[in-house]
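Each of the two complexes below includes subunit A, the first together with subunit B, the second together with subunit C.
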Partner chain A sequence: MQKNDQALMYDFADCLAVQTFLRMTSLPFNVRQRPNVDFISPDGVIPLLKINKTLITGFNAIVDFVHKKGVTLTSHLSETQVADMRANISMIEHLLTTVEMFVLWKHDETYDKVTKLRYGSVYHWPLSSVLPFLKRRKVLEELADKDWDAKTMDEVGEQADKVFRALSAQLGTQKYLTGDLPTEADALLFGHMYTLITVRLPLTNITNILKKYSNLIEFTKRVEQQYFKQ
Partner chain B sequence: MPEKTFHKAQTIFEKASGVPSIVEAVQFHGVRVTKNDALLKEVSELYKSSNLDELVHNSHLAARHLQEVGLMDHAVALIDTSATSKEGYVVNFLVREPKSFTAGVKAGVSTNGDADVSLSAGKQSVGGRGEAVQTQYTYTVKGDHCFNISAIKPFLGWQKYSNISTTLYRSLAHMPWNQSDVDENAAIFAYNGQMWDQKLLHQIKLNAIWRTLRASRDAAFSVREQAGHTLKFSVENAVAVDTRDRPILASRGILARFTQEFAGLFGDASFLKNTLDLQAAAPLPLGFILAASFQARHLKGTGEREVHILDRCYLGGQQDIRGFGLNTIGVKADNSCLGGGASLAGVVHLYRPLIPPNMLFAHAFLASGSVASVHSRNIVQQLQDTQRVSAGFAIAVTYSSLRVTVAIAVTYSSLRVTVAIAVIYSSLRVTVVIAITYSSLRATVAIAVTYSSLRVTVAIAVTYSSLRVTVAIAVIYSSLRVTVVIAITYSSLRITVAIAVTYSSLLVTVAIAVTYSSLQVTVTIAVTYSSLRATVAIAVTYSSLRVTVAIAVTYSSLLVTVAIAVTYSLAFVFKSIFRLELNYTYPLKYVLGDSIMGGFHIGAGVNFL
Partner chain C sequence: MELHIWPSDFGLPTIDVSSLQFLACSKMCASPVRVVQSARPWRSPNGELPMVAQIDGNAKPVTDFEKFVDILKKCGQDVVIDADLTTIERAQLDAFSCYLHHNLYPAVLHTFWADELNYNTVTQYWYASHLHFPYNLYYLEKRKKKALRMLGGKNDTEILKDAFMALNTLSTKLGDNKFFCGNKPTSLDALVFGYLAPLLRVPLPNDRLQVQLSACPNLVRFVETVSSIYLPLSEEELKRQQSNRKMWQSRISKAKADKEAAKTTEETSEAMADEPPMRDAILFTIGALALSLVFAIHTGLIQVSVEEEIAE
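Presenting the complex of A and B:
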């Protein structure tokens, strides 16, 4: 993640998750970065997969689409394991993404020093100041809808800890969350873990909490080694 | 100066070039807010007139200029001889300043063919030097909105037609041709001026526009990938020669205009766009008018990115190549039109004025045009290969300076409410008066048609209790008045025919008007000889509110009547010139995949090719 990159932590994590998933399934693809991707996406959801004239948005929809075409990473799993995997995905998507949104948009120092610059980086002045302001207002409304607006940084840290603890327990000493073979949950987990470990933010407490769970860190290094360092 | 008789300028014009003249004074009558220095700039040239012919001509020019720059609503020059010297003259300008505030409502058809309604409000000559502020809000049935505020300042001086203006607008519009919506927030600064003895018109515009393109579900990916926020800063320079007799549906003259738009110093857009417009019109025998228009555009991207879809050249629609969907000629992806990098369009028209002339026209046309893609390697070849042609006929309507006045009067004595609506078009005036009286439920509809100084009035009165129909036909020409009244009364079957011929001397009216700023007090005393009737009326007018107190004393049965009336009037003025066209079009030559719109269609707007 470069400093002049527009993608925000959770968007970057989702993009990385989709890339990891496609690499896991060995499907060919190439990656394009566009400054106006949230407008190209018909429903504003990122990332966006384009196959000929079909546009698929979001991690889950892409996984479903690939599944419908007959490519799947979950054929070896029992129904209970699939349900567990879905629960993990849901936890990462809802809880962890909200934690990341909170840090980026609610925490003033992070907003001023990172989010604002990064989000506005693809626009010329005065849009580079106006658009982050408008986006912040929208995200804060979303957080308020989830009753997250009154939370303190410590409470948000606890939520993050809860997610990491659950995922760490699930992983244990296994290679992947559900055993020796990767699933889409692993792709999503890797996307978020890698982003949290590598991102440089003024606020370090989420990363510090993550460092307590050494098996998650090991998992991230392992997946990176296997799918991105060849 | 009521004791003097003034003659029309034609009586001496072009016969008095040998009569020397010295302007002794220039006087203005009716000035309240206009600044002295502004008037001085406008008329100082009059003092340089060396003979009477020149003075007559210059006075006329000055009066017209006062109106055209927005200093006055109305101005007439009266040239008077001086009391002291034989060669001396005094020029009097009778002027009416613009209303303190104007408001308007307009319903029409937008260029896209939607019905639209706009509300506008403005103030003319804000600081007494011709400055104007206008605001307008428009919305169409399909949901487009536009809010616009503009300020304009003219440069005053002898025959100077230059101004600077600033416009801020915000608009939300649907673009059916590439199935997307665009939000625009813009600031535009413009200078309009003239060069070379006023023969060359010159305009410079600085545009700063923040645009947000939102692709709809059906939009092609080529449109979708350009969606989002873009910022355009551009400089536009236009030079034009215009000898047409009127800007819309000219009957003679030419227009040649060359516009260059350069974007790229700031913002996302970087391109150079050249536009050449040519128009010519000439009268033919039997009242026919032959007109031709030609437009060529070329667009060249100067940055790394390809030229944005919002900046490209589009053709097609009721205003240029009739018979094709609006802006749909050119390269397409799925159902979206992507615009082009160059375009050519030409239309040949044949017009025949109908009745009323200069307003209604029969119209036949042949239109042709083509658009080349932004990536085209051989523009000329592509323009030739993709030519479209259509032909058809139409009824064209043009109108200008239409004025609607609504006056509501409430009279106390027996509770009476009158609503008068007047529609004024050039010198034709139609008035509809609806009066409702409380006590005996009476409705009156009076329709008056005034043309120049001739006035015909038809009044129909329906009274509830005893059906009464009155038709009054009054023909008034200047000071001679002939009235014919036919009244039919239901209950006792009465037919009255009254013919009155009035020639000014039977009636004595004394009117005294005291005007202070926008407050006006009028005292009217009328003495009628025959049955000895004296009326005293006092009217106080402040801006558009008017209070009248009338006291009438009638001799025969010694009756004293006191009536108090309060009138509030509101005027809607449509100064913009406009053209409406109902046409039947048949596309003759087209390319597969074009959205062809043959048959009957309505086009409206200002810029017709």
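Presenting the complex of A and C:
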């Protein structure tokens, strides 16, 4: 994973999700922080898992890999529940990440005060100002292809609200999204919720929206207690 | 309200995925929206159909599915779409629409726009013949480029693998139900119908996704039910489409034959391909050896040894 002071919101969330997932499966692992992880990963996707000489990138690929080795968190679920879980993962992975990207790269103040500094922090001048600029151009193109470039901050907030509402409704008063046992969807959810709660941004509307859903926040605290207190 | 959509063909009320979704959704709640078959996408704000023009002239035309559903909910009809859902069902509906958009839709795009054979045989020809001359070139290029950008760096097998998984997920989710959330249609049903119906109805030369879809009988049944209840075609349209069918069939069988022919020639050329390089290499070696020999004799390098032999 990247260094803590360099990682952006969604990257940090994904790294945390993978750590949570590996802790849930109680597999042994070491966390290494590398400033150039973007370039270690063959396809630029982080986090990456390294086992001997195999590199696996991205949350889903890691979960698949672990599944193929015979370790899974979903054996107790019915097929319909697995379908729902996949849908949830995809919603967090795509919709919520796009919201986070939008805030970090599109919102001018956030970009100037947070994203640019963080992303460039590990490089020397002039790279520290050139690389964030190039990355921003790339991300904005991606957003335009998704028809997100014309969205206002309020509309983006609505999208975030939709994700939180859906997840909060499914969580209800249960311990995890699908009952008493954790799944990979919970790991991903925890990664993103924890990041959103703890992040400090000039723009607070996404975090404010999240605060309306108290069961999501309690869920995050509970998972943190259980898996990250040593 | 006016709903502008692409014209109908192949037994579908409209050929395009999102046009179908808009149309199915408006029919499911029996909305009085006026359907206009149009081939003028430049009139829409984002240059794409479908588009919903509102009655009061000032409101901007809507091209976003979620916004369209909101309008349908608010327009005061007897049947309100998604009204009887519990919060959890609504949550699952949101999650699923996102899942389908990222797992199934890329494969549909790939099948119609990125697969060269399908694109050349069906998609390009259809759109080119419905739009007028210089504009159709521009529009097709624009839309194809956008589709390719949306597919990103993923390769064909990854896209298809995701889609197969999505189809299986959908099939288990549907089970033996009539619709995805019990007995009443929802906006999710409209979305699924939009993705699946073109795959089932449009004949294509490269049909891996179609074959996979036909292997899920409950999804096929679902598409048939929705189209017969909500989107029946009029007699005239059926007749018109019937008259075109022969032309399409001949195009597709021709494309398939071409594909086979290309495959066999490729195989034979591969068998042949080994020979020329080998032959060329031998000829080249002989030529090079001969030349160096001539050079050596000419400069007198070999002459010395020859004379020595004679002397002995």
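The definition used in the following text is that the second predicted complex is superposed on the first by the 226 of 230 C-alpha atoms of A that agree within 3 Å, B and C clash if a C-alpha of one lies under 4 Å from a C-alpha of the other, contacts with A are read in each partner's own complex, and residues count from 1 in each chain.
The definition used in the following text is that a residue touches a chain if its C-beta (ideal position, glycine included) is under 8 Å from a C-beta of that chain, and two chains touch if they have at least 3 such contacts.
From a predicted model like this one, the values you see are computed outputs, not experimental measurements.
Student: For the combined arrangement obtained by superposing on subunit A, do subunit B and subunit C clash, or do they fit?
Tutor: Fit: subunit B and subunit C sit side by side once superposed on subunit A.
Student: By the touch definition at the top of the document, which applies to A:36: first (subunit B), second (subunit C), both, or neither?
Tutor: Only subunit B; A:36 stays clear of subunit C.
Student: Of the partners subunit B and subunit C, which touch A:131 in the superposed model: first, second, both, neither?
Tutor: In the superposition, A:131 touches subunit B alone.
Student: Could you tell me if A:117 is touching subunit B, subunit C, both of them or neither one (first, second, both, neither)?
Tutor: In the superposition, A:117 contacts neither subunit B nor subunit C.
Student: Please indicate which partner A:203 is in contact with in the superposed arrangement: first for subunit B, second for subunit C, both, or neither.
Tutor: neither
Student: Counting residues of subunit A in contact, which comes out ahead: subunit B or subunit C?
Tutor: C
Student: Could you work out the angle between subunit B and subunit C as seen from subunit A, using CA centres and rounding to the nearest 10 degrees?
Tutor: 70
Student: Counting only touches as set out at the top, which of subunit B and subunit C does A:153 meet: first, second, both, neither?
Tutor: neither
Student: Just to be sure I read the superposition right, which of the two partners does A:169 touch: subunit B = first, subunit C = second, or both, or neither?
Tutor: The second partner, subunit C, only.
Student: Examine A:49 and indicate which partner it touches, taking first as subunit B and second as subunit C; both and neither are also allowed.
Tutor: neither
Student: If we overlay the two complexes on their shared chain A, which of subunit B and subunit C does A:71 touch? Say first, second, both or neither.
Tutor: neither
Student: Compute the least Cα distance separating subunit B from subunit C in the superposition and give it as a whole number of Å.
Tutor: The answer for the closest subunit B-subunit C C-alpha pair is 11 Å.
Student: Residues of subunit A that sit at the subunit B interface in one complex and at the subunit C interface in the other, please.
Tutor: Shared contact residues on subunit A (touching subunit B in one complex, subunit C in the other): none at all.
Student: Hey, which residues of subunit B end up touching subunit A in the complex?
Tutor: Residue positions touching the partner: 210, 213-215, 217, 221, 224-229, 231, 266-268, 334.
Student: Show me the residue ranges of subunit C that touch subunit A in the complex, using the header's touch definition.
Tutor: Going by the criterion above, the answer is residues 46, 64, 87-88, 90-92, 94-96, 98-99, 101-103, 146, 149-150, 153, 165, 169-170, 172-173, 175.
Student: Okay, in this complex, where on subunit A does subunit B touch?
Tutor: Answer in residue numbers: 34-36, 38-40, 42, 50, 53, 55, 123-124, 127, 131.
Student: Using the touch rule from the top, collect the residues of subunit A that touch subunit C in their complex.
Tutor: Of all residues in subunit A, those touching subunit C are 43, 79-80, 82-84, 86-88, 90-91, 93-95, 145, 147, 162-163, 165-170, 172.
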